[in-house]
Amino acid sequence: QTPLTFSLDFRALGRHAAWFVALDKGYYKQAGLDVSIIAGQGTAQAIQAIEAGTAQIAFSDVAGVVAARANGGSTARMVSVIYQKAPYAIFSLRDGANVRSADQLAGLEIGSGAGSFTQKVIEAFMAQKGITTPAKFTNIDPSARVGMLAAKKIPSIETFVMTRPGVAKAVGSSNARTYLLANDGLVLYSNGIVVRDDLIKSKPDLIKAFIAASLQGWKDTIAKPEEAADIVVKLNKGLEKDVVLEEIEIVSELVKTDVTAKRGLGAIDPEAMASSVSLILQTLPGAKLAAGDVYDATLLPATPVLP
Amino acid sequence: MPISSDAVTRIAYPVLGLLLLLLLWQGYIVLFDVPQAVLPRPLAVWNATVNNLPLLLSEGRVTLLESVYGFLLAFFLGIPIAVAISSSRTLNLMFYPLLIATQALPKVALAPLILVWLGTGIESKLAIAWLVAFFPIVVDTATGLRSTPTEMLDLAASVRASGWQTFWKIKFPAALPFVITGSKVAITLAVIGAVIGEFISSNEGLGNLLLVANSQVNTPLAFASLLALAVLGMVLYAAVAFIDIALKPWFSEVRH
Amino acid sequence: MPISSDAVTRIAYPVLGLLLLLLLWQGYIVLFDVPQAVLPRPLAVWNATVNNLPLLLSEGRVTLLESVYGFLLAFFLGIPIAVAISSSRTLNLMFYPLLIATQALPKVALAPLILVWLGTGIESKLAIAWLVAFFPIVVDTATGLRSTPTEMLDLAASVRASGWQTFWKIKFPAALPFVITGSKVAITLAVIGAVIGEFISSNEGLGNLLLVANSQVNTPLAFASLLALAVLGMVLYAAVAFIDIALKPWFSEVRH
Amino acid sequence: MIPAIAEPQSTPLEAGEIYGRFTGVRKVFGKQEGAMVALSDVDYELRTGELVALLGPSGCGKTTLLRMVAGLTKPSGGSIVIRGREVTEPQDDFGFVFQSPNLLPWRTVLSNVLFPMEIKGRLDAAAKVRAIELLEHVGLGKFLKSRPHELSGGMKQRVALCRALIHSPSLILMDEPFGALDELTRMEMHELLLDIRRLTGATVMFVTHSISEAVYLADEVLVFSARPGRVSDRIRIDLPYPREAALRYTAGFREYERRAGAGLGVLHHA
Amino acid sequence: MIPAIAEPQSTPLEAGEIYGRFTGVRKVFGKQEGAMVALSDVDYELRTGELVALLGPSGCGKTTLLRMVAGLTKPSGGSIVIRGREVTEPQDDFGFVFQSPNLLPWRTVLSNVLFPMEIKGRLDAAAKVRAIELLEHVGLGKFLKSRPHELSGGMKQRVALCRALIHSPSLILMDEPFGALDELTRMEMHELLLDIRRLTGATVMFVTHSISEAVYLADEVLVFSARPGRVSDRIRIDLPYPREAALRYTAGFREYERRAGAGLGVLHHA
């Protein structure tokens, strides 16, 4: 059994069910891995965790990998893309801004995070759509965003689409409006499995084993969300099962796409990756990187794990 | 029976204060139609508390221990630092500025460093609780040590007390009121420190519960965690205040 | 010329302390091969500082103002609270526990409430800076007010000083060393408070810059922001310490 | 002689009328067990304009009695009635000299003396002139701007004396005011006190350990017995005013000293 | 008489030999301008076993001189040599009674008295017995467990006295030790001091404001002039030991009193 620490991008929530399924069902153990899952504080910090050695594997995003390589001298690399669709969503109230299309973003006030990558993505997305009037971003801490929307102190907020059940609870499901950029033409890879170059070189088999076991977890989760939800709730304190279940359903849509249905979960499409990286590079003036620098698709399972 | 009536007011007034707060809270929600995602009603928080009592207790225990250990660390490392600073001008000039510098830094920002050094276990939480809590102890103790009445120092000098003896038998007892004042601030900061530690990396504790509840927009549970933290803070503060009261006769100059 | 040589040590020692720290820092990186994403080399931070100097200065100015206003708020609201608490047992019993409770709460967790009440402008930042900083002032001042030497109170009573006069002419001056000690802790906490305020909602300030740099894993710039915060904290602390030294003759009991 | 002190004062009582009445005054410190009777059964009538000396062994309750008269502590039993009203709090026209100088360390000598006037809202030019005159009179004219920690023990006590006199009190309560002074200064202070008293008609109660000081200054000497303090002797001093230094060596003076000393258990050569 | 006090002590010097030598001792407070000469030109030879009284007007530098002898302050000029070595720091076998009682408020009376023994690592049963005996001797046997704030001014001063004597010092420095005491207690303290001195051969320097106390106790009285303090008179008191109360009323005693008084500017009836 090889001990292995895996850092999430945040503390454990419903969206992370698959990893716990793989753990609880013993997929990691069968692969000879003794995995411990630790909480993270965002995708950037997850990369810092593998750089620092507190974890060997991270759940982070392409944008994080690009930025870390460009600014921080990092050698992080994505070896499997889990969120094939970017989870970036804009929430608003039906009786308020009621954002349903890209042109509504023009001049819209959006509650966002300081230096948030999403802001830049939204800007690039709007540029793609030919919208010239920029949106107005206001920095609001993630913990306060939904509240501010509910209190009608801000017309719209951006956050991961997995927050939808929370937003629905806060403003009433009949009044919540979700606008997922990925459903309106945004092509952008997001979270996936990230490791350091030196680990790829020294222990490729270990990574392969981890990816394969994890994808098995994802497959099970998508197939049996109820069971997955029970596992997460069992292994993590304070989670509400109905919210967890909803999150699993939402996240499944990001993971199970037409592409992965054919090529298997976690697959990396070079073209999609290239356009993702070029989009990301637009947000990082001065950074010089090729798409090939940020990923390695050779460690994916030989036989695709189909959902 | 004056003692029992005193005991009654000692309980009644804080309860009254709490009731007042609850009333304001409820009134505010009703008046301004505040959504639950911002501020749940007192009753909803109460229900969340009752329903999650075992969870709150077990998580509270974790945070309690982290806070207490962090405070003890702050105390037993803070006092020597205060002593060093107030007795050696060189040390003071060399390290006090750095000490102040650590205080103006947001501890969350130091998270990656601390995690690298101390890992994701209890050590990193203690380190943060310590980092957050030790400063008031250092500043207050140093002030106390520097303001020993000169006559007392003359007394010590006249019997040729060593530096060590002057410290333990004169300066430190004379500074105790300052030390305790610093400890009062430090103990509540230790709770904050423990929570920050949990924010940075933890799967347990009230801070973790708070974040989890928050990210599910489960505000009643989030507020129940906050409530538990508040109670924890008050209990710990009360413990220090109790030591203060127990030591009062030692320092009493009061005439009846 | 003893004055000038004293001035030299006053500068030289802190610089020495800083150099020592830099040496340890660099040594640690070299020895343990720490990646830049975790801890950049001093030189990288220095370069980031120099390259972003105008930015750091302008953002620093924002945070400086927030900290100072927050501290002033904490001071001018903290003192009356300390007075109320140390003079009225009822108020003390009713509200002190609640006060302590606010301290044990992570201020970040109160973000939704504060933002909904005060919006995303400067008010919410000041509120948080105040909330973080006022407690040491309250606790220290209250302790100071409660430990006025009884003979001085007898003196006030004997000339029939009103409560107000006793406060301003006896209790407060006698408590000043405590007030200043509390202020020293409060001023560094005010910086932290301002940064937390910026974390919660702001498009400017060093806290904001830190978040931006962090989210881009631009660690040299993040550390440059931290450095700027540390300098800010030291400058503000020095300002309070200066007032302390200026007031010393007022309280001097020192024999030569 | 000391014009500034002559500020006349409107006392509603004629000299010789009863100014204060002490009935069964008693003071106990501590709770039931461990209680300590500091003073008991003090009955006395204080007449307007009189100067009463309290003489007694250390720890017999002299300070305690003075504090009760000043309204700084309440008796545990009995009552103290001043000008017809029971004392429950300090009065505006009382002046108190504490046993320790009790100066405010953050004020200069001059502003310490002016403290009572500041409190009473009478901090005018006249008050300052008077304070300076008083300080010059006690030999501290050069120390107006000094801080308490720069003074010797006796100098501090003299500042405290000036502070108690600044507002021309009608009742002056003094707790060993001259204990820390050398004989010469002390004698000058005696004359100062007698002058003030003559010019303002103030009533004075003062604690002293010096038998001859008590006899020299007082109209009446109250001798206290040891713990629990009780009045063991009342000695009326029928010596003429103004009293002069030479008086100290007369036979009559010696006899009073002897009697007071006997009350204290001291053998005094007649 | 007081067995506990009789603990003999190994003094390397014979009685009458020179114990200390003061040469041109001078003390200035403050910087250039605004400097205050507190004391100057003090030349004196202190002999082993002698009891020297310092008498002088308030603020003339008596406390300052005593503090310099004790090694608590350094002279601004001149030198103080004790037992052949210049005083630069306090000595083990010195005992100091401060002008204010200076008790530690957090300690009981008994443990305040034992403080020097604790510091010297000699806190044994014998020390405790001795402390209790001393306290009983000064009339505080019932207050062993009291805290300083429960004592009267004179009681505190007596505790301070016991503390200075607990380690049988060979040089006892006392700053107005009996100022706050009533005459009877003061006389008892005088006998205590003379006993201790006789039994241990200790050398004593003490400050007092009482001319008769100085004459009664001392082998030699040093009279100081007012600021800046200087020795204006040295009066050798050739009265027999043991001195007894009756001595106070002899003509010889009176003559000494007169001379000391004259040095202070006090008119004393011969």
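Labels for the chains are A, B, C, D and E, by order of writing; each one numbers its residues from 1.
Following the convention adopted for this analysis, a contact is a pair of C-beta atoms (placed from the backbone, for glycine too) under 8 Å apart; a residue touches a chain by one contact, two chains touch by 3 or more.
None of the values given here were measured: they were computed from a predicted structure.
Among the remaining chains, A is positioned farthest from chain E, on the basis of C-alpha centroids. Placing every chain at the mean of its C-alpha atoms, the farthest one from chain D is found to be A. Averaging C-alpha coordinates per chain places the centre of chain B 50 Å away from that of chain E. Chain A and chain B have centres, each the mean of its CA atoms, that are 37 Å apart.
Computed from the mean C-alpha positions, the centre of chain A lies at a distance of 38 Å from the centre of chain C. Shared contact sites, meaning residues of chain E that touch two or more other chains, fall at 29, 100. In chain C, the residues that touch at least two other chains are 34, 38, 108-109, 112, 116, 154, 199, 214, 253-255. Counting only residues that touch two or more partner chains, chain A has 45, 48, 52, 143, 147-148, 151. On the side of chain B, the complex with chain C involves touching residues 9-10, 13-14, 16-18, 20-21, 34, 37-39, 90, 93-95, 97-98, 100-106, 108-110, 112-113, 116, 135-136, 139-140, 143, 147, 149-150, 154, 177-178, 181, 184-185, 188-189, 191-192, 195-196, 199, 207, 210, 214, 222, 226, 229-234, 236-237, 253-255.
Residues 151-152, 154-161, 165, 169-170, 173, 176, 249-255 of chain C are the ones that touch chain D when the two sit in their complex. Chain contact summary for the complex, chain D toward chain C: residues 67, 70-72, 89-92, 94, 96, 98, 100, 102, 104-106, 115-116, 118-120, 147, 149, 167. Contact residues of chain B toward chain A in the complex are 34-38, 52, 55, 59, 111-112, 115-116, 119-120, 199-204, 208-209, 211-219, 221.
Residue ranges on chain A touching chain C, taken from their complex, read 42, 44-45, 47-48, 51-52, 64, 67-68, 71-74, 113-117, 137-141, 143-144, 147-148, 151, 153, 284.
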